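Two complexes follow with chain A in common, the first pairing it with chain B and the second with chain C.
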Partner chain A sequence: MPRETSSTASNSPVAGSGPASGDATTTRAGRGWLWSLLGGLVILGGIAAIPTLGSDTLTSNWTIITMYIVLAQSWNFIGGFTGYSAFGNVTFFGIGAYAVAVSFLSNPKVISPYDPQRPQQFFIGLLAGVVISAIFAFLIGLPTLRLKGHYFAIATLGTSVAVEEIVTQRDVAGSGGLASPPFPPLSLHIAFYYGFVALALVCLLLTTWLARSKFGYALVAIRENEQAAQTLGIATTWYKVGAYVLSAIPTAIAGGIYAYYSSGFEPATVFTSSISVTMVLVTFLGGSGTVLGPIIGAIIFEYASQQFALSSGQATSVFGYHFGSDTLLGVAIIIVAIALPQGLVRVVQEFTRRPVAGGAGASGNSRANQFVEGVRRVRKFIAANGI
Partner chain B sequence: MSAGVTGSTSTTESDLLLYVAHLDVGYGDTQVLWDVGMEVRRGEVVAMVGANGAGKSTLLTALSGLLPAWGGQVTFEGQDIARARAEHIAALGLIHVPQGRRLFAGLTVEDNLRLGAYTRRAGTERGIHEDLDRVYALFPKLRERRKQVAGLMSGGEQQMCAIGRGLMGRPALLLIDELSLGLAPIVVDDILAALDTIQKREQLSVLLVEQDVQIALERAHRGYVIENGRIVIQGSANELLHSPAVRAAYLGE
Partner chain C sequence: MTVSRTTRRFFPWLTTAAMIAVLLLAACGGSSSSGSGSSGSTQTLTFGSALSLTGSTATEGNLTKEGYELWKAKVNAAGGIKVGNTTYKVDIKYYDDKSDPTTSKQLTQQLVTSDKVNFLLGPYGTPATLQDEAIAEQYQIPMVEPNGASLQIFSKGYKYIFGVLSPATEYAKIMVKAAMAQPTPPANIAIIYADDAFSQDVAKAAQAYAQSINLPVVAFIKYAANATDLTSVLNQVKTAAGGNVPDFVLGSGHTNEAETTIKTAKQLGINPKLWGFTVGPSTPDFISTLGADANDVIGSSQWDSDLKYTGTDLFGTPAAYTQQYVAMFGHQPAYQSADGTAAALAFQYAIQAAGSIDPAKVRDALANLDVQTFFGEIKFDSTGINTTKPMVTFQIQNGKLYTVYPANVASATMTYPTPPFGSR
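What follows is the complex of A and B.
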């Protein structure tokens, strides 16, 4: 039946001035997502080109950086979009790594490293890691995602410690969890590199989709106000669990690739909470809940910590203390928490943001004016969010 | 004009939209609502008034499914919703505009409104677009501010946004909790006038929960007075407004 309102409502914007109602649909979130996607593609393209420079050191450094990009991107799904500070996502990384190790060990018939069945074992392991991690995230998420704030963080942290303990005690993949599976020597070392790059690309596309989709908006609504989200008809429990599972899957694949890449590992290295903390930190450094944030944060932090580790290798000791890369991690956490809780990407957005239409229309005509205005906004922004 | 928002020609079926009987609700071990009974008919504005702590907000949270009912009966559009999940109830068209607005503070006004259309009731992109226009026509301030972050607006604008977000869900019944709280009287008047317009035009049913007895009873058809978790008086709004007991207890006479 015709509603009287729809006719009156659609008449008024035509008669009235102001922004035409027609762009309400098209400018929904602006074109920001497109620039973010392009930016991400350019960055990943640049990373993909690094091995062509021919430096093995550079390539292996960037293998790890790219791995952290993937880890941060996948943490962003639960931590950034949904706003649940998961501090145990390393669990899925470890599960992925052990699934690959067990897969190689479980086929004793394959003896020769050059057996054609070898690569197959790797992919079976990856798949198993993904499935187990997803199920695990679902089962753990269902009860823990009822918790809020610190309680959720602690529960997830506890999960990773528990799984590490189980792997150690049950001698998974070797005594005490010490895994050195018979990985075939891979002549194409670069395969790991592009494995991580491809994974980062998939995560980039997934994040861009999330930033615009109904599913992603539901996650953001949960982050902004969970109870209000519920009253609007969003099935919050299932969305939260979905985001958690979504963040577990790429993490598990990254763990599986890392297992092969490292050629041997132990529970303490693939379940270490410092990986969990790094995921959280770099995402916040770049800007949690944004498309580019995790990528930029991971590159800056991991690059810096590698440089720092190099120089501290040459005995950076103050008052007898040695400062390793964990020191940088600690310092970075403090700086980000105090000064940049919104992340670098949002600072840049704030700088380039055009003033809201209809507001002070005196947006600087000269570039210099715009720059000054931008700096003022950024200072205000930092003052409002940090110290 | 019987144009219901739901699109159903409702004159033949039951006029009863919401029916509550013997409802008990509480937090933990503490019971807050005792044997509450009330109803809202189609196209009706009902006021629920009472002092601070009487259980008004608790009643709304229970009705919208955020808080489980301990016992009793809640029927909405003929469906038993006493134990339904919040998202299911919202999808049925019972939309809660919570106390303190509870906007998605970091999102723009328009994103907030769009999220109001989350349930399938709101329909297609075109339908959502129409509803946006409808809300903007009702609250022109929101159109001006559509790209602004919701958390940075004034209290009145936030309340408009919250009500607009509720309307985006195409409610059959809108529950509004403490509309006037913390707002200047002139702003409250503006918002109520807008709400009045849309209520009359669309035969929207509204349950207005208010501490400000005068405001609520002036607009409502019927009213309930809740005290210590129990409904103590009920009647037409006019009766209540002139009842000596109500005037003595709430209007300082």
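What follows is the complex of A and C.
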């Protein structure tokens, strides 16, 4: 895919698409993608350093956070860049998980849990999961990506339910789909961890590439106005299917790693719609269609969710109703939908954006004034996009 | 515009502030959690459990928690657990896994490596148990689990997992045994089952057992779990025994499917000599929904409050257990509660037998455990499952549950063959 050089920031998919940011034309935002990439690398570098702290609990918690970073990043390809609200991406997660579980089953020679496992079984399963998911995304994408808005969302949701039902009915990997991959020794925990980190890094590079490439521009064009994109000669169907397949692949790999990491799951565990919802929610929380958004959103939400689970251990009961950590999911969905539909990253972009010379609010260059100006812009931005 | 200017200006700020407050609150709550510890002269033994206190299996999770809590209250009231010259008070640290196995695993990790609990009590449900037991094995902390009867949990060669339930294979077998103990036993059996893992395991074990005692299995039909229409399944059953209705129809599924089966069978006029269901008849809902049609249906149970077990434990008999449970929680115990208490009791006996709180020594004591409790005998086989404790068959008679098999713990005799619908 040839790389296009872009001279103005407004062409860049990472620039905001909301009405409040439409007037931005600055030189600094033109290098925004570089800053985003750098920021992403710093965050992932920080995550990669966590196991050196020596706390197994932290490592375990950040394994799952990093997994959600990958899931959100890959959802961003179809949901953020292309603007197609896929609510069934958990399908690929489940397919990846079951491919690994089935691959392990094909070699049932497990005498003791402490025997060294055959790593090739795992990698064969991982590869199979990727191939099956990609083909599945392609075949499902062809018809469903002709649907728009709610209809596409419902169709993808239906797909995940159907696949879950098939796995249950066909007794894939065990009766009723109860999969029980072999014991992952403690020494493998670090491998799972860096597996997810590496996957997140690949997704970060892919996202940055999308933000600067012809392929990415085509996807954004489809998001902003599909008919206009078609008129311009963009083969919209193929681009959409491409984005869908692209989002399926990392999701399937994450599912495969999860399968071995978890050491046991049933269809309801890996096809649950709450994983789909979380992917969408954290991407929107951080900023959909941005490079950093999915990473930041996943970290904030999953970290808060884990802390909430720890603090609400002794079943919080109010008026006889139990409130668990899922309450957080509900509250977060409402707040994001009402106040932050553009995501945190876009709010920060709005805050740091330098005003157009001679633009609204003649203010000095002092830091205080810049701060006040920034707050004013963010307020305007939220008021324009929220509620 | 109906929204006032002020609201429009300040609402986003309010919501953002609320969100930040929620996050901070959550973070503070998390960091304030204190670990276990022994302070002063009183030694404390800490158990940990990640239970489904909210979410899809919240009811079962909370019943299990009550079972643990009752044990804790009674042990501490009796002075604690004596190990050599030291007496330990018991504390249990709970986390809510929101019925999500992934969360359960993370919380179990937290319990083991951050809270440093001494021992683990199991979560609710097979998938959560499969994930949590890996942590127990990795860190070599014994876990006794009360609520996973699936054989997959015990088939991985783990050394640190123990389960107090009779395995899935026993659920239907005990009903077939009860039927075969009748003076003129059924000549054939039809088995219908839901497609979830547990129901399938149960059904396959029943099929294998029937074949091993030369009882012809004339129908073996699978349906989707939570099916609301079983007409086609039951029409196949109706003529399965060479054009006739089979003698014994056994269902392995869930309460709502058992109810649907009875309702549909009544409409279709299917009257075998005996109806049996693994799950359903023991729930109050089954009797209240079906009324007189529920009579004479048999079911199997891990434990029941009318059983005639005599144990050496804190509770002694199921009746005494029920009485103390009602006094503490104000409602009848379900078998999940008794399972939970039994799991904790297993630990108590093992710690006393080991004379130590060293995880490896307690693990060995658990492996060699053989005690009689209000829950029945607790004795684990080499894989860690409690194969010794029998399950029981009960029958609904005049709207009440009576244990009818095995004979030594029975409180009534079984009605067989049962009258057709309409004359029950």
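To be clear about the criterion, the second predicted complex is superposed on the first by the 336 of 387 C-alpha atoms of A that agree within 3 Å, B and C clash if a C-alpha of one lies under 4 Å from a C-alpha of the other, contacts with A are read in each partner's own complex, and residues count from 1 in each chain.
Convention: contacts are C-beta pairs under 8 Å (C-beta built on N, C-alpha and C of every residue); 3 or more make two chains touch, one makes a residue touch a chain.
Predicted model only: the values in this text are computed from it and were never measured.
S.K.: Based on the superposed arrangement, let me know which partner A:131 touches: chain B (first), chain C (second), both, or neither?
M.R.: neither
S.K.: Touching A:224 in the superposition: chain B (first), chain C (second), both, neither?
M.R.: The first partner, chain B, only.
S.K.: Looking at A:178 after the superposition, I want to know if it touches chain B, chain C, both of them or none. Which is it: first, second, both, neither?
M.R.: Only chain C; A:178 stays clear of chain B.
S.K.: Which one hits more chain A residues, chain B or chain C?
M.R.: Partner with more touched residues of chain A: C.
S.K.: Between chain B and chain C, whom does A:338 touch in the aligned arrangement: first, second, both, or neither?
M.R.: A:338 contacts chain C only, not chain B.
S.K.: A:234 in the overlay: touching chain B, chain C, both, or neither? Say first, second, both or neither.
M.R.: So A:234 only meets chain B here.
S.K.: Please work out whether A:105 is in contact with chain B alone, chain C alone, both, or neither, and reply first, second, both or neither.
M.R.: neither
S.K.: On the A-aligned overlay, A:269 touches which partner chain: chain B = first, chain C = second, or both, or neither?
M.R.: Touch partner of A:269: chain C, not chain B.
S.K.: Both chain B and chain C contact which residues of chain A?
M.R.: none
S.K.: Would you tell me which residues of chain B are touching chain A in their complex?
M.R.: 1, 3, 5, 7, 9, 64-66, 85-88, 90-91, 95-96, 98, 102-107, 110-111, 114-116, 118-119, 125, 129-130, 132-134, 136-137, 140, 143-148, 165, 169, 198, 201-202
S.K.: For chain A, which residues count as touching chain C in their complex?
M.R.: Going through chain A, the ones touching chain C are 55-57, 60-61, 64, 110-113, 165, 168-169, 171, 174-178, 180, 182-186, 258, 262-266, 268-269, 272, 274, 300, 304, 306-315, 322-326, 328, 331-332, 335, 338-340, 379, 382-383, 386-387.
S.K.: Considering only the defined contacts, which chain C positions touch chain A in the complex?
M.R.: 3, 8-9, 11-13, 15-16, 18-19, 22-23, 25-33, 53-55, 58, 62, 65, 93-98, 100-103, 105-107, 109-110, 113-114, 126-127, 129-131, 133-134, 137-139, 150, 152, 155-158, 195-201, 204, 224-225
S.K.: Note which residues of chain A are touching chain B in the complex, please.
M.R.: Touch list, chain A to chain B: 1-6, 8-10, 12-13, 16, 18-19, 21, 24-25, 28-29, 214, 217-218, 220-221, 223-225, 227-236, 356-358.
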